[in-house]
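What follows is a group of structures, each given as structure tokens.
After this come two complexes, each holding chain A, first together with chain B and then together with chain C.
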Partner chain A sequence: MSNEITTRMGDGERVLFSAEEIREDIRVGTAQAAERAGIPALSAEEQEKLFDIIADPSRIVSVQPGEEVIVSDDGCSMSFYGGQDGGGVGAPLSRMQAVLTYERACGADTTSLGHSDYSFKPVKPIINFEANDYYNTSMVTTAPFFYGAQPNLGLYFQPDGPCPNAAELMPMGKIDAARQAQEEAAGHLTRDLVFVGSRLADVGLEGLNLDTSGSAGDADFLAALNAVARLKEKVPDLPILMGASGEFIIGMHGEVEYDGQRLAGLYPQDQVKVIETAGADIAGVAINTTTTESLPWNLSRSVTFMKAASEASNIPVHANVGMGVCGIPMMEQPPIDSVTRVSKALVQIGKADGL
Partner chain B sequence: MNKEIFESAADAILRGDPEKAAEVARKGLGEGIDPLTLISDGFVPGINKVGDMFECGQLFLPELVKAANAMQRATDIVNAAIPEGEGQTRGRIIIGTVEGDVHDIGKTIVVSLMKANGFEVMDLGRDVSTDRFVEAAEQFNADIIGTSALLTTTMEGQRRLEYKLKETGLKKRFKTMVGGAPITQRWAKRIGADAFAENASEAVKQAKALLET
Partner chain C sequence: MGMEIAHIMASCMGGIRTSGDLVAWMQMTRRMRIHEAKAYVAEKLGVGIIDLTDEEIMRDIRKDLGIGTVTSIAGSPKGIRAKIKVAELLDINIRSVALFKSQMGF
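Let's look at the complex of A and B:
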């Protein structure tokens, strides 16, 4: 094998590493993840498997036949009609046409619809239009068809929402007020998530994706968990995918709990447990890509976290393999060499049930 | 004795106690501890520990805010004790956090060490526009413009400064230094900055080296 292996940094830059350098980054990456989350590091054998995947001279790699997993869609159809500045290709397609193109031309396992803002709050005032669009499209799709968006607690703080702005209060040292504002905002968010989910369920929603839950911190994650639990009470047969937004839940509040479990600081193996407790059907794991470290280092960490989460969970766990997540470099158009290596490693070594 | 004060300093930051941090700062200076040593051996280990714990999800935003306030109180007191413009100055530096970025702690530590090492420093604070950097550098007759960015979304501000300096023909007049969590030597090279520093003490070394060239 050549001593010069092409790989990438977390910011996407192509770099040449020796085999020793790649092995070293894999070793350091898994050790760091294990120490942080209190989980086992990858074994020597698993590290060697990961090395083989990363060092494969082919531009793209794949799992063997029979090891394939499904892809739960995360707004792929938006990439057809979205502009380049939003990571799309600007094709002149309607939302329905984009969904059908993704399903029929790309052979998608699942498809999805979402508001272009990709948050739930803006959907509330247009729910009649959105439910109608969802219904019409669902009549012509065959694959499971999700409705997805991000909970996005940030939209409930002033000036965008009714609650005092926690991000302004916190630096002023008004910590109690900031926490109270987050709790209040979380209540509004839960109500909106339940409202939108219920209304879409009325027209036959096949799956709800609460994507990137917790992006605004632990109160955001709590709101999503509460919404999952309430929706499951209301519409027990509605499948729900709840995805996290980082390798640990950021403690913007620091003290909120779900089912007696403090949410701030939870790593994937514990995130999936609370998601499962809330009643979701699929848990999503997202591991931050560090731009200043290599793909071997980032992927080794991600696989380590993923494996622990998958072992801890009783429901399927899907890995988020989007831009800047789970080892994918932080690039608007993630490079195929990295995407396929990350996907293969997360499935074969991390035991991801889906992507 | 110094060890006890250093431990108290770090503890005050970890606990996020500004009153205690101020008290330790005054006590340390009163006992004749060199301001630079008081910062680097006392308060900096405390804030570094806070940063490490935050990064690992062991400490959360409210605690981080309290620790940052305590650090600010301590550095304000220690910085005021550092003689400025006394004797020969090593050089003049404008420093700030780029536009859209409100992170201040790391940059404030750099200011302390720069002053302690004989540089005259104008701290522009945080969320500083490109135009403000250039305007202040001209007014202050700076040798170096130092910019800090903590976010991948704000580090573009460092590139914008390089563009601005080239566009206005001022690139040769001012040396530029970049730092911050997502910043690397490769980024510095890519945007054309003259130096990159990973931490405050490295920033001092780089600044000295830049002014020797």
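Let's look at the complex of A and C:
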């Protein structure tokens, strides 16, 4: 078997695969996604199209003219001035300068502002500072300008927050207490999300991004859904993008429901439905990248999940394509050969409305 | 940073270089899927879908409509001035524009 096609592993390592090995990883990847989520696998034709994208000898690939989609962002301008742990290049720019550079030098479809912690809880005590920065910047931006952060329920557990630590209670067998702690924490989180969203809405917020919802499990996801619904009641014209944090919602609580739908274990095609029901305008899908598997395997899975989510949704669906999600290698500086292949495949085969 | 730029080069509409901001507004304010949003914007601009990401076409359109060009033309609209025009063009509510207009006594 000849090794002739360059591709990547999930951690970014460059590897040489034969055509047969790539086709086999595509086949196994889509079959695994289909079995897990109960969705159709990619057809033979789609698998061959994905093979062509991955095996393209060009360093960079792209969609065809007319196929372009919206590239929204989750704090991308922070990459200008942030550190390497967030993929930042450490340029000494203010937040406004970074946002305008992203809009005008990079041609981004949307821009955003976010607190450097990128969680909503730390924003609460400095909301007036954030509102001032948002308002001032919104006066000079032309493209849609979001405020974004992660719900991050984990910050509400002791010692960082007021609630008993569910992750400590569960190993002790105190399941009911752990569930109660998560419900209490979710209440705090929803109130904070509504508080921050409302205050920013007062200064002309153009769009709110609840990024990486559900990172602490189903109660985290529930808190975000409840916040979306309450914000839409309070500020009906506020556009909201709600993105997920993984390919299924982790059942840390296990029993919480939204609109009669149990949240634990929901895959993307069902995540987008509850996000839509809550009232969000754009849904974000995140598929985990496995570092020990190849890009063909990871991307095949991601495209399979993405396609099912797009078909199930009535609202735009954007694929989260940051480091370590939707087939992007899990490293601080993902190689652009892999990034552009992920980008093209999610649009052409996954039918994403945006990234 | 290179990752964001790679996505923009591979599959992005191009923001204010072309019409990406306009199509994004339609997804945000009307929940339009990508094809519907593109068709809506193309109809408002009187161009074809393929023209929406053509810099050579969109540059003149943006300049003529006063909705902001990516290169800086002294005295031409950008920021909130351009967004006022965008809201009128697309018949949508942009919240920063609504606040600004209320402050200006429009």
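Rule of thumb we're sticking to: the second predicted complex is superposed on the first by the 350 of 355 C-alpha atoms of A that agree within 3 Å, B and C clash if a C-alpha of one lies under 4 Å from a C-alpha of the other, contacts with A are read in each partner's own complex, and residues count from 1 in each chain.
The rule we apply is simple: contacts are C-beta pairs under 8 Å (C-beta built on N, C-alpha and C of every residue); 3 or more make two chains touch, one makes a residue touch a chain.
As the structure is a computational prediction, the values presented were derived from the model and not from experiment.
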Room on chain A for both chain B and chain C (clash or fit): fit
Chain B versus chain C as contact partner of A:F248, first or second or both or neither: first
Comparing the two partners chain B and chain C, which touches a greater set of residues in chain A: C
Which of chain B and chain C A:T291 touches, first, second, both or neither: first
Contacts of A:A178 with chain B and chain C, given as first, second, both or neither: first
Contacts of A:S58 with chain B and chain C, given as first, second, both or neither: neither
Which superposed partner A:G265 touches (first chain B, second chain C, both, neither): first
Smallest distance from any CA atom of chain C to any CA atom of chain B, in Å, after fitting: 21
Chain B and chain C contact sites that coincide on chain A, given as residue numbers: none
Residue ranges of chain B touching chain A (in the complex, touch as defined): 56-63, 65-66, 69, 102, 152, 182, 184, 186
Chain B contact footprint on chain A (complex, rising order): 9, 13, 36, 170-171, 173, 175, 178-179, 217-218, 248-254, 264-267, 291-292, 330
Residues of chain A touching chain C in the complex: 60-63, 65-73, 76, 79-80, 87-89, 102-104, 106-110, 138-145, 201, 203-207, 237-239, 241, 281-282, 314-316, 321-323, 328, 333-334, 336, 339-340, 343-344, 347, 353-355
Residues of chain C that touch chain A when the two form their complex: 1-18, 20-21, 23-25, 27-29, 31-34, 37, 49-50, 52-54, 67-68, 70, 72, 78-80, 82-83, 86, 93-100
